[in-house]
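Some notes on the structure that comes next.
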Amino acid sequence: MIPRYSPRVMQELWSEENKFHLWLEVELAVMEAYESLGMIPLGSTAQARKHALVNVEEINRVEEEVGHDVIAFIKVATSSMGDEARFFHFGLTSSDVIDTALSLSLKRATQEILKELDALLTFSWELACKHKDTPTIGRTHGVHAEPTSFGLKVLSWYAELKRIKERLIREEEQISLGKISGAVGNYANVPPEVEKIACEKLGLKPCPVSTQIIPRDIHAEYLATMAVCGGGIERIATEIRSLMRTEIGEVEEPFSEKQRGSSAMPHKKNPILCERLCGLSRLLRGYALSALEDVALWHERDISHSSVERVIFPDATSLFLYSLKLLHKILSWLKVNRERMEENIWMTKGLVFSERALLELISRGFGREEAYLLVQEASTEVREGKASDLKTALGKKLPGLDLSQAFSLSYYLAYLDQIFERFP
Amino acid sequence: MIPRYSPRVMQELWSEENKFHLWLEVELAVMEAYESLGMIPLGSTAQARKHALVNVEEINRVEEEVGHDVIAFIKVATSSMGDEARFFHFGLTSSDVIDTALSLSLKRATQEILKELDALLTFSWELACKHKDTPTIGRTHGVHAEPTSFGLKVLSWYAELKRIKERLIREEEQISLGKISGAVGNYANVPPEVEKIACEKLGLKPCPVSTQIIPRDIHAEYLATMAVCGGGIERIATEIRSLMRTEIGEVEEPFSEKQRGSSAMPHKKNPILCERLCGLSRLLRGYALSALEDVALWHERDISHSSVERVIFPDATSLFLYSLKLLHKILSWLKVNRERMEENIWMTKGLVFSERALLELISRGFGREEAYLLVQEASTEVREGKASDLKTALGKKLPGLDLSQAFSLSYYLAYLDQIFERFP
Amino acid sequence: MIPRYSPRVMQELWSEENKFHLWLEVELAVMEAYESLGMIPLGSTAQARKHALVNVEEINRVEEEVGHDVIAFIKVATSSMGDEARFFHFGLTSSDVIDTALSLSLKRATQEILKELDALLTFSWELACKHKDTPTIGRTHGVHAEPTSFGLKVLSWYAELKRIKERLIREEEQISLGKISGAVGNYANVPPEVEKIACEKLGLKPCPVSTQIIPRDIHAEYLATMAVCGGGIERIATEIRSLMRTEIGEVEEPFSEKQRGSSAMPHKKNPILCERLCGLSRLLRGYALSALEDVALWHERDISHSSVERVIFPDATSLFLYSLKLLHKILSWLKVNRERMEENIWMTKGLVFSERALLELISRGFGREEAYLLVQEASTEVREGKASDLKTALGKKLPGLDLSQAFSLSYYLAYLDQIFERFP
Amino acid sequence: MIPRYSPRVMQELWSEENKFHLWLEVELAVMEAYESLGMIPLGSTAQARKHALVNVEEINRVEEEVGHDVIAFIKVATSSMGDEARFFHFGLTSSDVIDTALSLSLKRATQEILKELDALLTFSWELACKHKDTPTIGRTHGVHAEPTSFGLKVLSWYAELKRIKERLIREEEQISLGKISGAVGNYANVPPEVEKIACEKLGLKPCPVSTQIIPRDIHAEYLATMAVCGGGIERIATEIRSLMRTEIGEVEEPFSEKQRGSSAMPHKKNPILCERLCGLSRLLRGYALSALEDVALWHERDISHSSVERVIFPDATSLFLYSLKLLHKILSWLKVNRERMEENIWMTKGLVFSERALLELISRGFGREEAYLLVQEASTEVREGKASDLKTALGKKLPGLDLSQAFSLSYYLAYLDQIFERFP
């Protein structure tokens, strides 16, 4: 991922350097397992750890020669070892190391994301509570529907983020699989006990059945889930972009003192951060698609997924963390314009209270059809300027009927406490 | 979905007729809820149920006129009702009905799929057990790697199907959400209690925060999951297709007596069923993608997802059930050619035992590098016809060393019982 | 595709009945070719045509038995033939027939689409011309940018549709390929001359190199192109949806007298047709994706693409034609609210003229930075209510400078004739 | 894109440094246009070019402050200019610069790709010619079909690459669009003549109607096309992977002396380069998808596409060029095993000649059905070991009939010259 969208922690996590260190972590965990089973001399692991060399440049140089990254890694790692080198990578196939280390990377990446998500959840919950009783117009199809509260909107974001968290916790668990089962998954050259002990040391569970690798439906689910979550963030961003439209003007993205909205138009303030979030979610969908095609590998594995994963795992996890951080920044500095919200509610002269009026009529004995037509007619009159507002228009048609309670905002906020009580 | 790939049960489930019946189910559950809360006259629901009319043709005719399907449905449904009609759809918005009914459809569709999946799981477990000790060559990169057992391959399919089951159970639960919260999700015209009672009657949970609709990340996750699962089925199908290649010939798809493989080539037997499964998984990925784009709706909802869902939910669930049934048929009649499997293991003259030989050398004191080069050299001799087989080639290089135990098949099956014990 | 979104002409084109008729067309064209080359008895084709039976039910019945659709078709088609039956399908492989017929279907489907597109182009050109001088605010990031003309917006739609037309003409040509080259594309049992003559009769060109089939990158390009075109339609629909927002109110989708926008809210008029167009474009993207995965078939072909194509070709072409028809309807009845457009231009009190003011200052000798800051400051004053409008605010800062010509709408429409002259 | 998959030329082309240089190129072309129209003082451009500063670090520093990359660029670029700075970026909007420069980048990237493609085409044509008469078995469904020539396979790759070339030439032309039309595409602050002259200087055509930007269907088509092309490369790679399977062994990817196939199995030679190509094509599909979602921007533009394009344009063009280079390397060193090809043809004991036998029988007067059943029966006997080969089996059934000419390989190569003559 380009530096612009890569949080430092992800750059480090996915660096070549760190990859080799994770490989070493896995190799040593396996040696320890052998040791604890009495299969290799006591102390071998300690010796190996002491003399292991992780030198990115040197490994890359050797890879040029042998055309195989794990072999290059082993050559370099063991180059200063003594006899213990014999037990380094003993009985293993490259994928035992790579795939187990990949799980470690993904687990740690997910933990970083979850950490950020927790902060975001806390903040959005507060924002929702703060605006629980801030009336705003609800819109469906982009058209005014009925009044609601801005806090309820934010609560819906909070709930979206909470679902994201639940999914990521689930995926962190799903991906926390190790695999030390050899070239075709039958433990031919390394007994299952070694896998069990090594995985435990690494904080992973053994994959119940592997081939040469951990089955890729698990990784596809991880990235498909991230795409689903990206869609949720896009939903929030799209809402803010819409509310920041000139004609709506209900919220405003952070905009620093010195910032300039346009090189040409000095008056512009644009929702560029939220637009960016929308773009990033498209990338996440693209990565998910590539991952979905990685599932149906040939036989005990083909390596076609590898080039894909070298790109999409760092890219997707970096982008996702970046997106959360950006969303956090946006929400933290979001300007909320209560006056404009209230103005917008009334801009259609009471039309948005039409359902309430309809139900009021029904509850006073009108048939549904009759009531619907009455309210529709009155609405048309208002829309065409023949009546000042819906209450007046209905009043003229139904003299003597007091419908004023149908036009109260409090009505639309009545159940908010009850909804909020379902969280957090 | 075209009839060719639509199991009858899905055709019925997704029929217009059934859709309207589910809408009625939801409307009546809401009336019952009102009744139990004393908000409408006792007996209204019973009356409504008795007189409700569900006439697809008539509803479609009215829709032409009013341009709104739920309004058309209500008009027709209540056309023979008496006073109880006033309480039909009372306080509801269309999406309360449509979305809750959609959850019912998806829940039922998932249950049908899970039923088929259970049968498939049982069968594939048996198939795995039957071939637990059938040796076969494991292949990575399409190239012979090491011997393994055909039962282990099937166990890996079984585990794939089991993960599919776990995912679908999870998704069934996720999708089992009802939503009776009105036009913008604030319960303005219908109290939360009604939703709670109605949902309970329908076997659903209330969606904690809805807008006009249930948030679409939930539906996107459903279809993204189905795409992940489709990838798993594709993996199994791809394996069978490969094993049925002329040069491999280890398994054979069912082929009926009268069937013809080709209009031109009377000798052909082709893995057309498995190829079909691969194609269908591509469709599932396409549907997931469309669903992922449905998440970021505008404000309290826009209806752009609706046309998408009219197509992809019936199509994806039908295809998926069809795929499982087809896979079940394939596995049930799969011919397994043990002789060919054994021949294939030995066709490379012992080369596939090279890792075992390598480890044997290391464990007898050779350094890893030295051993690797020795075995690689011997392998090259075999490949170039300079030696009859690997055992002989190594024997010549290392006279006096008995490596015969490195060439035993039993070695590769040693841990199978232990793996199988992890299931079912 | 569900009937709701399938124009009748596409339903017929993609019917089983028509498919078999196209197969027959191909088979007979091949017989004619043989005849004209003197390879089969004169008159065979005429006899075959006379006695050929195309009975969908019967063919399906036989397919159940033989598990192969072309073989079933041949059996039924030739069932009443005499000796000429020997030359029916002579030397052909199924795909010669299926793939050549598929090209005919796609060609015809594309022609239907192009016909509709022409009508749409004519209409949108007129609409653009009609509103060439209708001022409206241009928006970037959803925020007011500078005035422009509504006709220019529509011209941009027109240009989008024109690009769609160019692409489809190109794709019609690309897909107009026949293939009568036998089981593996080497003309083993049918000489290239037959292909040449038969293709000519069918209005197709011979595929320069085929395998068993026409290479699928060609079909993938067809559907990828359709997805690109769908994106263009989505852009137009998104614009209309936005302009129909309550706060904007510049245009209105057609809404019939008896239509109802909402079952709950009698005042609603929603852009449901444009929302539908947006949804349909998501489906087109999904189909493209599935088609892209059909390219890399195995060797001389595997049949995994077939199940995909049974679904996506009818679905995509039907949806696309439907979308064009729907867009045509929307544009035909689009209400354009010129007053509202003008009001919206001025709603920000001249801020949208800021770039013009900036350039005016620069051209009068101010430095770019200095001018930018001046205009930005004045803009802020307007936005914060400290000045009534931008002209006044700048006037106060720069007494003696007449900037009134920077606030003229005509300035923004000055080059429209020149732009329009580039078309049609 | 990670360095591993980024050819140097693409790294440079997409560097920050080069981007700013292209921006400068565009700004100066516009100044020249102004100059040639007499709108700014003669010599301004020369002065600007002389004093323009492109300092990546400094620009990035300023961007941090103003939150806008083009404004930062202008500030730095003009920082050492004199009065000519007033005319730098005069009348332009950021996108005039960015979008026009992007077209330059894409044009140059496409040219680099086309250059590599030409070399690949030349080589693959030679390879096809070299193996025109090398018999090999054609496979459909992974199952032996009929003999063909390996050269014809390669010719089909050549034709695939030729279609790729034609598409890319088309796309290079499509993308060669400039746009100097201001903030909303109406040339409010810069007359169309400037665009025309500037574009000509830059080797681009003016976009006939733009909004703030060049419409994104054009960019989506570019990347969708690249995904289609990626599918073609994947097809070639998949074929090689298959032919390199142990059981098939007909070709071999390059494998260097010191290379190691596996850390565990010293005997392995794996088609890792072709597998990599397959993976990369999945990434290209993902990028296309993201690009397709960039089309429907809001009004005169929203900037959501920008973050997407920062990633996918460099990534897709780099990967694509890398893929072509890799494919070139693979083909250049491909080992073709003619003996194995011939062995494989005969491994099914003549079954692959079944269609030829069928046609032979028909041409000798047998009915199609009768002949089909005869050949199918004989095939079954061979398959079940009841007959040594198909010729013998048929001979027994039809004594006196000499069918030997149906079993000649030359028959399948008869039309190759005619096919090859269609190229290059």
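Each chain gets a letter, A, B, C and D, in the order it is written, and its residues are counted from 1.
Here is the rule we go by: contacts are C-beta pairs under 8 Å (C-beta built on N, C-alpha and C of every residue); 3 or more make two chains touch, one makes a residue touch a chain.
Because the structure is a prediction, the values reported are computed rather than measured.
Between subunit B and subunit D, two chains of identical sequence, the interface residue sets overlap for the most part, with shared numbers making up over half of the total.
Taking A-D and C-D together, the pair of chains sharing more C-beta contacts is C-D.
The centroid of the Cα atoms in subunit A and the matching centroid in subunit D are 32 Å apart.
Chain geometry summary: the mean Cα position of subunit C and that of subunit D are 24 Å apart. In subunit D, the residues that touch at least two other chains are 74, 89, 93, 139-142, 145-146, 182-183, 189, 241-242, 260-262, 264-265, 270, 272, 275, 278, 285, 288-289, 293-294, 302-303, 355.
Remark: subunit C residues 1-2, 4-5, 65-68, 70-71, 74, 89, 92-94, 182-183, 189, 241, 255-256, 258-265, 270, 272, 275-276, 278-280, 282-283, 285-290, 293-294, 302-308, 310-312, 314-315 touch subunit B in the complex. Those residues of subunit B whose C-beta lies close enough to touch subunit A in the complex are 74-75, 78, 85-86, 88-91, 93, 138-142, 145-149, 152, 155-156, 158-160, 163, 167, 182-189, 191-192, 208-212, 215-218, 220-221, 224-225, 227-229, 231-232, 234-235, 237-239, 242, 278, 281, 285, 288-289, 292-303, 355-356, 359, 362, 367-369, 411-416, 418-419, 422-423.
Across the complex, subunit B is touched by residues 137, 139-146, 241-242, 244-248, 260-262, 264-272, 275, 289, 293, 344, 347-348, 351-352, 354-355, 358, 372, 375-376, 379, 383, 390 of subunit D.
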